[in-house]
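In the two complexes that follow, subunit A is the common piece, with subunit B as its partner first and subunit C second.
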Partner chain A sequence: MTARRRIGYWMGFSVVLALLIAAPLVLPAFWRSFLTEILIWGLLAMSSDLLIGYTGMVSFGHSAFFGLGIYGAAAALLWTSPPNLWMAFLFGLVAAAAVAAFVAYFSTRLRDIYFAITTLIFSQIFYVIIFTWTELTGGENGLTFRRPALAVPGLFSVPFTSETLHWFVLAVVTLSYLVLRRITRSPFGMVLQSIRENEARTRAIGYPVERYKIVAVMLSGLFAGLAGVLYAIQNRFAAPDFVFFLVSGEVVIFNVMGGIGTLVGPIVGAAFFLLLREGFSRFFTEYYLIPVGLIFIAMVIFMPQGLLGFMRRSLNR
Partner chain B sequence: MAIDQLLQAIPLDQLLIQTVNGIVAGMILALVASGLTLIFGIMDVVNFAHGELFMLGAYVGVIVLTATGNFWLALVVATLVIALLGAGIHVIALRPLLGRDPLTTILATFGISLVLQNYALWQFGPVARKIQEPFSGYFTLFYLDYPWYRLVIALLSAAIIGALWLFLKFGTYGIWIRATTQDRVMAQAMGIPVPQVLTAVFAIGAGMAAASGVLFGPLVGVNHAMGVDWVLKAFIVVVVGGMGNLGGSIAASIFISLLESYASIWVSPAQAVIFSFVVLILTLLFRPTGLFVPTPK
Partner chain C sequence: MAARLSIEVPFPADAGREDAALLRTQDLTVRFGGLAALNNVNFEVRRGEIRAIIGPNGAGKSTFFNCLTGVLRPLSGRILFQDEDITGLPSNRISQKGIARSYQITNILPSATTFENVRIAAQSRRHGWSLLTHHRAYRDIIEKAEAVLEAVGLQGKADEIAANLSHGEQRNLEIAIALATEPQLLCLDEPTAGMSAAETHETMALVRRIAKDLTILIVEHDMQVVMELAHRITVFHYGAILAEGTPAEIQRNPRVLEVYLKT
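And now, the complex of A and B:
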């Protein structure tokens, strides 16, 4: 990689980051929380890109990791008093990681379509459990809880405003992006990409492909759980709908719309999808998925690279 | 002594009733799943929209039934209309994806399922419709009046699947279809119009989904979300039975439906689903390619 390209990349990165930092100061309240929401869904989509774009495994089960992140955070926020931010992260991540380990162990035995269907069915298992275990999860009604304060023990504790919440989410998402980028460029990430390109040859060279895949699914699930925790903090409720497989499907849509294998593409895809939803629900109310679905089908057929696909090379340098 | 008590604890009459229930549900599931497995085995397309075709079939059935009052006409019309719709979907959305990664077909059909489901919600509203069953005779099964209609559904499903099997085995076009499955390029070279064959297969699968939708309509209400449960169950069946394996998915349908019926003696039906999930996990652990297909090593 030439130094000039590297400078170009980091320049672009800083400009986008600066815009996102400044955004809540100029945007009205609605669009401010809308932007925060885009970042959270973007993180979820980005976590799934590690599988779809870099390892070549389409996961239709990300709602399970996301949902368990939400419910884990919910448990922590309901049990601790006053609600503790860091306990929410701990609980949410542990719950998501446990589920991810379980799903990874079984689903990585299968490839391609079978992997997609298996992850889908696993997410439905957790959906059914959460939906029917009313005493613990509130069943269909879900759980509501209070938003924790932004606190560092022994230093300070301030309640979240919509600006500080946005910056907090932005910090977590940016850090996650940098970590995921580092992962995909590491030797480990290279092995994942070689699994995507040619699994048999990777195995023949001597890499334990299954173990790499399991770790990839677990990492991906962990970041999806992180997105779940952020979502719980922002929206202050947990509902079984977030574990339903339609959420996983939307995550895949974000990826395809934005461009897989780019990490930032999924965030752009999430933004594009949420903007389309916002725009169309003014005309079509709750049937916005009809036009959005048609656009998605057209993009699958005519634009499989997604919105940022043309930048794939430069983003991965 | 202990064995006697154990035998006492098992409700024999309930077991028998649930056996009948399980076989009936299994035959309908087999009809849905065999369309899915046909489409997958022949075209490498995972049809996420299968449940929506099932649901739209039931709605077309409702419309024809209210217009004419004839259940059998409704069944035939719904099958034909949805088969045509399936052919249209294939030509517009799936033919351009021929030769691309099979995973892209999951994405396209997922998009289609979202569109169709929301279209049904928009067109028909959230209130469930009812299909009147064509006849309402009962026979006595222990303390229950068991409707004849349920048995007729099971038999009809079996007949449709049997007809499909005979067609694939002996029909000229059936042989075309099998040739396309085995080697698409060679089939093309022998003069078989492969793209049209694929469209026809998708249409047949869609028609079968619609037929099962109409047949099943009288047992539950018809609403826009009814397809989702079925497609998930059919996916489980297709994985357990082995993708693209017709006989395997029929056996797996009956096996899983029986299991869920027995389970629902003791737990609620919503939780009985977990048993089929467990079967799926065990299958994946020990026979990742399905119970009825030898595992390649």
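And now, the complex of A and C:
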């Protein structure tokens, strides 16, 4: 990256970050929490971009990692009294990482569509387990719990307001973005992109491709679990629907709409999709998916590189 | 066959040892259905040698390379590299042992730059699992990649997207990628295929230069290239070794002449 582009990038980054920091001060309550939710879905989409965009593996299993993040956080928040924020992170991340390790170990032996189908099946297995194990998970009704306070043990403890929750989520998502961005540019990340470009050649020059894929799925699952923990904290309930494969499908749609292999794109895609759905559901009630679907099809045909790729090209023109 | 080796390469560790083969195969056999692509091949190459493998189409040359580099698992037989059995290892393990390969059909990262193609290969020896440091921070890898690019004469094309290189340049990039993995044995599968006369000449000079530090197996159709480059030649025919010797011996060998005149 040239110096000018780097300055341009960090200026853009700062402006967007400043807008997101200022947003809760001007937005009404509904849109405030809507924006927070967009950030959380954006983090989930970004985590899956590490696989789709950088490694060339389309995962339909991200609902499992996300859902286990939610249920892990739920377990911690129900068992600790008063509910402890950091235990929620610990439980959620451990649960998501464990599931990701399991899924990664088996699914990375397969490629392309077989990988996608395997991740989908695994996430459905977890859905069925959560749906039927009523004593532990509340089954169909899910779990409700209280929101933890924003606390550092021994220092301070304040309850979350919708503003502080937004800033907290923003901080976690921004930090995750910077870490993921660094990972994609690390030697490890370059190997992932080499696998995407030419898997056989990457193996031939000496990389144990399967091991790299396993670590990629685990990292991706970890960040998806992080999104799940944030979602649990914001919405104070866990439901089997979040583990259902439709969520995974939406995550893939966020990626395609926003532009894969960009990290920022999936967040843009999540924002665009959620706004579309919100808008259309007000006018078209239960038929809202028809216009959303038509727009998605049009986007795939006319801007296959997603919103971000499209914006980039029109800026360069 | 008189002399076992046309040139003597001084190699202290092997001095005085009769059995100084870098690579040996014992009764290597590969079958595709009923067809024996390789049939009890006993092959040996010494350290420092440039060995050409020739033979008509379908003689088993590429199959042989695929076995050596772990792409194909032989039905039976053994492959010994530095006296270590490497039969059936996956290609990444074989690469780490020190065998590299360039491909008959160009096999690169098309949308990465020339430099990145070589850098990622150099990185396969160290730092591959580093997660939180920018890849540009590893000067040793950068310098290695730059040195290799210079060795093959592609330093001026470092920032070019590999897919945009000319055919000849892509063929040399193939060699650069293989070299960047610091191999002891380099298998070149038709490195001059489709090249112009001038490009062929340059690539031959390149192979001769890099042969100073490593052992080379080269599959080649261009007889002029083979005769000028190789210390010794092995002729494959129907999956078996038909003859082996110095270029002069091979040129006089009646069985070789017969095979080549027939096809």
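Basically, the second predicted complex is superposed on the first by the 309 of 317 C-alpha atoms of A that agree within 3 Å, B and C clash if a C-alpha of one lies under 4 Å from a C-alpha of the other, contacts with A are read in each partner's own complex, and residues count from 1 in each chain.
By definition in this document, contacts are C-beta pairs under 8 Å (C-beta built on N, C-alpha and C of every residue); 3 or more make two chains touch, one makes a residue touch a chain.
Because the structure is a prediction, the values reported are computed rather than measured.
Legend: residue contacts after superposition of the two complexes on their common chain; A:94 is shown touching neither subunit B nor subunit C.
In the superposed pair of complexes, A:191 makes contact with subunit C only, with no contact to subunit B.
After overlaying the two complexes on the shared chain, residue contacts for A:78 are found with neither subunit B nor subunit C. In the superposition on chain A, A:311 makes contact with neither subunit B nor subunit C. Looking at the shared chain after the overlay, A:23 reaches neither subunit B nor subunit C. Measured by the number of subunit A residues touched, the leading partner among subunit B and subunit C is B.
Using the contact criterion defined above for the overlaid structures, shared-chain residue A:293 touches subunit B, although it does not reach subunit C.
Legend: residue contacts after superposition of the two complexes on their common chain; A:207 is shown touching subunit C, with no touch to subunit B. Interface residues of subunit C facing subunit A in the complex, by the touch rule stated above, are 69, 71, 90-93, 95-96, 100-101, 107-112, 116, 119-121, 123-125, 127-135, 138, 141, 177-178, 180-181. Those residues of subunit A whose C-beta lies close enough to touch subunit C in the complex are 179, 182-183, 185-191, 193-194, 197-198, 200-209. In the complex of the two chains, the subunit A residues touching subunit B come out as 58, 60, 106-107, 109-110, 112-114, 116-118, 120-121, 124-125, 128-129, 131-132, 245, 249, 252-253, 256, 286-287, 289-290, 292-294, 296-297, 300-301, 304. Those residues of subunit B that touch subunit A in the complex are listed here as 40, 46, 93, 96-97, 100, 102-104, 106-108, 110-112, 114-115, 117-119, 121-122, 232, 235-236, 238-239, 243, 268, 270-271, 273-274, 277, 280-281, 284-285, 288.
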